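A, B, C and D label the chains in the order they appear, each numbered from 1.
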Amino acid sequence: MALVGVMRPGHAQIRVLDLEEGIHFYRDVLGLVETGRDTQGRVYFKCWDERDHNSLIIRQADRAGIDFFAFKVLDKATLDKLDADLRAYGLKTERIPAGDLLETGERVRFEIPSGHLIELYADKTCVGNGLDMVNPRPWNANSERGIAPIRFDHGLLYGPNIAAVQKIFTEVLGFFLVERVLTPDGKGNVAIWLSCSHKVHDIAFVEHAEPGKLHHCSFLLESWEEVLRAGDIMSMNKVPIDIGPTRHGITRGCTIYAWDPSGNRFETYMGGYQPYPDYQTLTWTFDELGPGLDYPQRKLHETFLTVVS
Amino acid sequence: MALVGVMRPGHAQIRVLDLEEGIHFYRDVLGLVETGRDTQGRVYFKCWDERDHNSLIIRQADRAGIDFFAFKVLDKATLDKLDADLRAYGLKTERIPAGDLLETGERVRFEIPSGHLIELYADKTCVGNGLDMVNPRPWNANSERGIAPIRFDHGLLYGPNIAAVQKIFTEVLGFFLVERVLTPDGKGNVAIWLSCSHKVHDIAFVEHAEPGKLHHCSFLLESWEEVLRAGDIMSMNKVPIDIGPTRHGITRGCTIYAWDPSGNRFETYMGGYQPYPDYQTLTWTFDELGPGLDYPQRKLHETFLTVVS
Amino acid sequence: MALVGVMRPGHAQIRVLDLEEGIHFYRDVLGLVETGRDTQGRVYFKCWDERDHNSLIIRQADRAGIDFFAFKVLDKATLDKLDADLRAYGLKTERIPAGDLLETGERVRFEIPSGHLIELYADKTCVGNGLDMVNPRPWNANSERGIAPIRFDHGLLYGPNIAAVQKIFTEVLGFFLVERVLTPDGKGNVAIWLSCSHKVHDIAFVEHAEPGKLHHCSFLLESWEEVLRAGDIMSMNKVPIDIGPTRHGITRGCTIYAWDPSGNRFETYMGGYQPYPDYQTLTWTFDELGPGLDYPQRKLHETFLTVVS
Amino acid sequence: MALVGVMRPGHAQIRVLDLEEGIHFYRDVLGLVETGRDTQGRVYFKCWDERDHNSLIIRQADRAGIDFFAFKVLDKATLDKLDADLRAYGLKTERIPAGDLLETGERVRFEIPSGHLIELYADKTCVGNGLDMVNPRPWNANSERGIAPIRFDHGLLYGPNIAAVQKIFTEVLGFFLVERVLTPDGKGNVAIWLSCSHKVHDIAFVEHAEPGKLHHCSFLLESWEEVLRAGDIMSMNKVPIDIGPTRHGITRGCTIYAWDPSGNRFETYMGGYQPYPDYQTLTWTFDELGPGLDYPQRKLHETFLTVVS
């Protein structure tokens, strides 16, 4: 295989303040497909074009935020190898048994210096995307139910020590650094965008004092016209928008940031370019974070740096 | 690295019947960036958003067609490893010294059973995409000069023995089979789409009696609106269109097929989904090749199966 | 009023070979809104964003084709004035009483030299577009049910004597000639596009030996992306496509032509420019009808000139 | 003619603080076509797809703002008739001789109760849109030079007494009221959108204490993708954006508002629906002005109500 090791973001577990409200939002407004509920009361969703059983899990809790963010790896051997590599690197890993999450195999969990729990797993039941495996049509009714993203694309996490986090992702997990924002003095990074594929980001981090915070989970749309439609649907449902529709300078992607009813930010996203591991990192100076965030307006919306869950 | 081994299509060398006519077409109509000419009279081009020195090389010859199709691999160690693997598999490989192609390192060349010359290489000079490495803007004037694709995306080659070709690509080079079209009896494949990444195809093959033929080189656009613009520019320049604008059922991509002045087919393409190595292959039956090729019209354009260079 | 006299295409009555099949097609595939059925067995539809009660009426008959094509005029005084003008011009007019068509006022009907029945009317019940009159949202679920055009845009009719037809439309009804295609000898027109507004066409005619034929009714979409979606939906429903997706050179509009189950051609259309009465007519020579029809392919699809209902 | 009387916005004359800076902005950034300069030092522009000689005139002055906003009427007889009608209504009109503005016939000028100078004229030299009148291509290089709108679409003016203004436009000039925003008490209008065609607005007014103010001139684009591109070009040229990219609830149009270097707001706009004179006015309550202005964000940007030139 040419695409080995860590393949892609697999699932994230998010806390919501009211489960029914959360189900309504993620199923009917964002337009995910509900695929199951477990005995712990967790509710499982996938994007319509994803084939694995789940990519977003919500549970009710007293405060919003993210429990863990997971990547699917190529196979069981890869999982064991990466577990060993992480331990050899000095991280403590934990094995969560298969079945703890519905239709999901054994997970290797570890905490990174930003205070986030990251997981790796090799197995999740393929339930298909609702299109036939033989002579499929290109889309179906689920493509137009709610915002209807095609994929859980990436996450942006806020916490301390992102230089150490970057080392783990690049030296152990095989990611490469696609873009970065320098600190005001230019000596370090305040933000990093990391890829394990040829996406502009599979995960990103911003340096932040408080550990373990969620900035947003991002869901992929297929066109700028669908970003407009997402904005319309948000408004029809009075979903509070943070930023957008606009283009990011960083990644070139086109976006709307908004909040779920519990205050978890999410992104509906499209575009960006396709970097490869041999690509040199693009650098943004701190004073150009405005256009980096909101390219047309060249504006550093304050909420981007301060509001997390 | 999670994306290792063979990374992506790197370059193809195409024969044109008249060099000046070819230069005009690829530079001014397709809108590639000319990056050099060598002592053999070859002319080098790249797509505007590519960072490496070249991705398409043309040379004048008595008949159209493709000389070789090359992939960039992660690094020199990978190149040596894949060379050894190919030889161990029983293929004869040849080393082309660095510098034979401008700004390109040593290449490992081998012939596959379809009669095509495939190359691997690890080094090609990064000349950048014309945007700054620090605080880049998202595009520049080259994005709108001619059709202006962002990337040499993939190729479709016609020749015999594609079952054997598939084995080499999947068992030695790390590709996976994304989609396929069955033979009328359903016992084999008449067409295969192979990926070394999470693109729907990095290379594809159709079973064909005559070896070493080119069906098309494909160039990536960013939107369906740019496909329309490409069609306008083709018409303004009287470029003969084969098929499109339309959507493929196979890969879901949106396309125009047309011919360069020498009769080499090319594609201006956008869209498709993003498969991963754990994805099950999608299958098309032979009787559904019509919608597979031209989804709206459900039509198997005869030229698709018969006209190659 | 600055926009007076004849305002816009109002309704067309089309014959289908099987009513249930026709209802299914126009309601579920094309995505019109069914608004009523009358005692004659006719079924009434409107496009979702239209406000008047109906714009397309179908009835079962032994052969496909069009019964009549109607324009809404500003008011009752205009209707009477135009009736008098038509009679003064030498045409015979007939009054169809209010209520003959559901929710539609008195109609003035006349036959034009191409053998088509044209109607004028001033009143049709406003039923709204399903959005509120106060603080409306921009669209609703009907916008995404089937192809879901926003408006019955124009018709193209085939018949003899289009020079005489043009005189009636321009000299009596206040239309202007937006574009035309010359006869091979350049002495007359084989096709004319006429506007009573600032659309590129409210009605068009092609010279044709057989009188009273329908080439197509055209339904407006809002973007090129919706044209692609229309093509997908046609394919999912095995609707036979004639031409497209493509751009017309004539009018610059973007289009798919396809046939309803009875063989009536229809068009899903977007774009074009906005001409005004002071605009000089654009002219196409007969030898350039290919790019005029299918701009990317520069191709005069034979069916365009020969297949009518 | 069905489209008679006042046809469309014809030209506006805008004051800029620095002529060279203004020329650079309107020609190179907005991408208008410069068509002439007169002995008074005024510089004339048109949008690339307009056929008449000019639609925007700039002159240097000590303060920004608008000198006059003009409509083209059908012909000289219409001009004389409307002049008489305006005087009969009680307005004072003035005749500006042909040639005062380059390539423009006699103008009838009058002041409306909001303090703006409105002009009517029947003649302006047709210089064409740069495409042939016979067998035209759909666009040319001017379509992609700068933001490159296709048309000067409408204006929004701020001043007192808009109820009186509305009466003049609807009772004398033949406009109809497409949409309106109510005053907080619901007894009057704070904003009105008026059409003389089937556009959602040819001119609009907001009630404002200070007379004669310009909110924005609006330039039409062809797609939401072009609105994104406009935003990119604004950012590349550090043009300050006020609002957008976003969709208006009012008119459904998609927009960016930004300022020229002198502080005159302009809009790059696409979309909206097509109302006719028989359409009932849509009403917005004052508390819903937020979604009316910025539908996704449901936000009443303060600058919209306060910053004018």
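We adopt the following convention: a contact is a pair of C-beta atoms (placed from the backbone, for glycine too) under 8 Å apart; a residue touches a chain by one contact, two chains touch by 3 or more.
Keep in mind the model is a prediction, meaning the values are calculated, not measured.
Following the contact convention of this document, A, C is the list of chains adjacent to both chain B and chain D.
For the pairs A-C and A-D, the larger set of C-beta contacts lies at A-D.
Judged by shared residue numbers over all numbers used at their interface, chain B and chain C contact each other through mostly the same positions, with over half in common. Chain A and chain B have Cα centroids lying 31 Å from one another.
With centres defined as mean CA coordinates, chain D is found 43 Å away from chain A.
With centres defined as mean CA coordinates, chain C is found 48 Å away from chain A.
For chain B, the set of residues touching two or more other chains reads 137-138, 223-225, 232, 235, 247, 249, 291, 295.
If you check the complex, the residues on chain D that touch chain A are 224-225, 228, 231-232, 234-235, 238, 241, 244-247, 249, 254, 256, 291, 295-298. Touching chain B in their complex are the following residues of chain D: 137-139, 144, 223, 225, 232, 235-236.
Interface residues of chain A facing chain B in the complex, by the touch rule stated above, are 1-8, 49, 51, 72, 74, 126, 133-138, 150-151, 173-176, 196-199, 222-224, 247, 249, 252, 271, 273-274, 276-280, 282-285, 288, 291-292, 295.
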